[in-house]
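Per-chain residue numbering starts at 1, and chain names A, B, C and D are given in the order in which the chains are listed.
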């Protein structure tokens, strides 16, 4: 039987729920050398700030048995270059609307970036990253304090012509409180989770491997935490939830959707296997067959209803 | 970038903690390009330069030094085992301009130079190599390099060749060349860069992906930020901003 | 060269830093059927409450790719049985002092349990579990609120004749704040981390696998988070830190100690391999040799000094 | 409890999603005891009863049904592959008191009864079995049980034997016995318990360890809390408190 993998996000139909996560897919077009990226439901672009940024000093990635650490620190060419150069390059090889992930260090920077986006039709929504643990002067602070977060979301909503997906940090005592705060402030959707704060120490030098010591932990090891948060947030809010964190195969995509995800982002797995997102999309109908699922959109949040 | 399943043909210790790994089923890659090897129980792949490539058998050789958990686990690779590899990564050396090349290598950095030397020789160049090792016991590829041309050697402890490093040789010997090709520890490359600016260097950096997606490996250059895995690992030495 | 694996905890010398973590080693004597448990530095006993408890309904454990979920809910025979029956049974096969882990649902229960412990010489210290995510009526609440936590620690210190090791929950925004709060309240040491709150959903039924839905996630997948918290807490307090979370080999023990752990608990790994703690103890001198370490006690917190 | 490395001798599908796995290098375990198998990529071991044990070859057989990720991964076990197993877990059936046993099994619960039947036969008992299957295609060990003694069969869909379940047989046929030995789905065991209280049942429960350390598998009994993996998996049916 034909399997229906379509889902809806902010009124737009995605061919499937698979979206490479921000920071693990560059600005997308690089992967077009490896496969036809038009199979992807959408793409979340690398976190973009007002001005060009190099990010943190090396080393800024590190291995963990069940994932990786990163402290890139938002390397990106700045919003104007992204809008005027990167998006057009991507348009040549990807015909669908994408998710523009924005980062910042201050209210003003976030607001300025969001307002420059304008009504660009190539953009499905902006994803407001208030959870980057790798930027000293702000970033995650917004994601740890519900008052700061809702104030920021409120300001962004005033200037944004696009739906605003707010990306939450898992490094909080009460994720539900954060989710409700940003919903009340006008968020159109919530994506989670960003990375957990982690660390590794080099046994030979006894120093932290990462230059800035702590870093964001992502990959398979965070899946159970991510799933729990998606479940809890879905139950608490009335806006769509985009789930991510450690997803590495089609069964985990389905598990995220049962917990409440309207779409699922795949991050670290793209770095380990450049074909991961494509392969997951190909596995989806087979997994649906095995589990007797005909339509993905119908299973969103099903675990709350059985 | 090619995702390939390779088969272990050989995995032997050639010096203390230094291993030769030969893999079959590998596509051609150019000198200076590298591969990313998936090691069981480890998440991120480990990057290694091609030490040699044998087109007849599709054999790819790498030489790796055991420095941590991942390389220790690689010593357990058994003949016949299938290995998941990303091949043909990075840019490789640009051989189009040199008329009289000079190879300069330090430690494991000597690895990619051997394959490079063979390729240059094939193109009709005379091969001159300046190689720095920690000590005599850690010397590898000596005979192979000697067969290809003239070799200058330094060791940190003086157990073979000049006591000191490659710079000590370069500063005393009067070697004729138009462009150098270097690989070695950062400190050596930095010293090289202040000595002479007409050359290419192969850099290292911890890698998240190896194919340009994560920005984990970026360095600062005079022409902006560049990814060691994508725009590199080979850079013109005068472009690199050494920290 | 002879490797020195001794460490000191609360003035007592442990032969090595390896301590099976609470809840993963029962009351210890069961493992004496498999090997001579006297090799262990100490043992942390199963969380003990005032009265006998069955815990949560089944299912209360579940697999994850990088670890496991548990929601046992503190099954135990109650403090009196532990003191009068379990400890004597353990004494027959284990000659060293052990760590009595206590759980509770109210101030009164915790205090009553702690006071019944008395000066029993078989007990090295009590470990105050204020971080169990699996007990509805209290447990983790104490570990999420610094005021509750410090009040509880203060009360326990009044009645306890033994040093008090306070076990913190990682499910907080600011672990350093929690650590400082319990230190100021008189804690003699801090152990961390307890489990992260996680979840899995059964794909066949679409229901959460665990009866009480969310559960504690432990095992290799939590190591980077645990290490980060041990590092941060070591830097902030002046009392010993006992590290745990996903430790599965001797190299990870050393990494925990470099970050600041005076001793290291091994949990989930005992369940996967009943010989794990013993094997790690055997590997320790070899790992020290490989890394040129002569004495373990000298490397405690070394990564803060290099 | 014994930690053993076993070798896969056979791993074949014997009915839809039902596999026979034969392992060599296994110590003797009693009927009703179980093992915990480490499946690559999965963390917790998966528990399975012994379906048969061949002392001559140290061969241990299990029959497993594919119900999720772990059992699906087990179908990939290849002949010759080494498997990490905890063997000789749990208590096993108590065969010391019965004079006239009756075996009652439902679905995969029939697995441990075969090994039990062989052992009882060896001890000189007559074997009577009441076996319930979902349907004819899912029947396994039928011939084997028939060779050992009298067999009554039910299937849910009536495609073989009585249409219905084992209780339907027990209530209509007048079978003589002094103690029954049962294994099957919880609903069947619960029904059995209200039908007759002189018997032993083998229970299942998700397991964290399998050897008594984690309390993941505890059930309530009339004699307090007991661990399925340690005091069980076999319990006197009148002790078990069915929820």
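Here is the rule we use: a contact is a pair of C-beta atoms (placed from the backbone, for glycine too) under 8 Å apart; a residue touches a chain by one contact, two chains touch by 3 or more.
Values in this document were obtained by computation on a predicted structure and should not be read as measured data.
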Next item on the list: Spell out the chains that contact chain A while also contacting chain D.
Entry: C
Checklist line | chain B-chain C separation of Cα centroids, rounded to whole Å | finding: 46
Notebook entry, point to check: How many angstrom between the C-alpha centroids of chain C and chain A?
Noted result: 34
Next item on the list: Calculate how many whole Å lie between the centre of chain C and the centre of chain D, each centre taken as the average of the chain's C-alpha atoms.
Entry: 36
Check: If you average the Cα atoms of chain B and of chain D to get two centres, how far apart are those centres in Å?
Finding: 58
Margin query: If a residue has to touch 2 or more other chains to count, which residues of chain A qualify?
Written below: 64-67, 203-204, 220, 251
Note to self: By the touch rule stated above, which residues of chain B touch at least two different other chains?
What the structure shows: none
Next item on the list: Pick one for the touching-chains graph, please: line, ring, star, complete, other.
Entry: line
Checklist line | Which pairs of chains touch, using the document's own definition | finding: A-B, A-C, C-D
Check: In the complex formed with chain D, which residues of chain C make contact?
Finding: 23-26, 30-31, 33-34, 46, 54-55, 57-68, 70, 72, 75, 202-204, 209, 219-220, 268, 270-275
Checklist line | chain C-touching residues of chain A, taken from the complex the two chains share | finding: 64-67, 69, 144, 171-173, 196-201, 203-208, 213-214, 217, 220-225, 227-228, 231-232, 246, 248, 251, 254-255, 258-259, 291, 299, 302-303, 306
Notebook entry, point to check: In the complex formed with chain C, which residues of chain D make contact?
Noted result: 1, 3, 38, 41-45, 67-68, 70, 86, 205-209, 211-220, 225, 230, 243
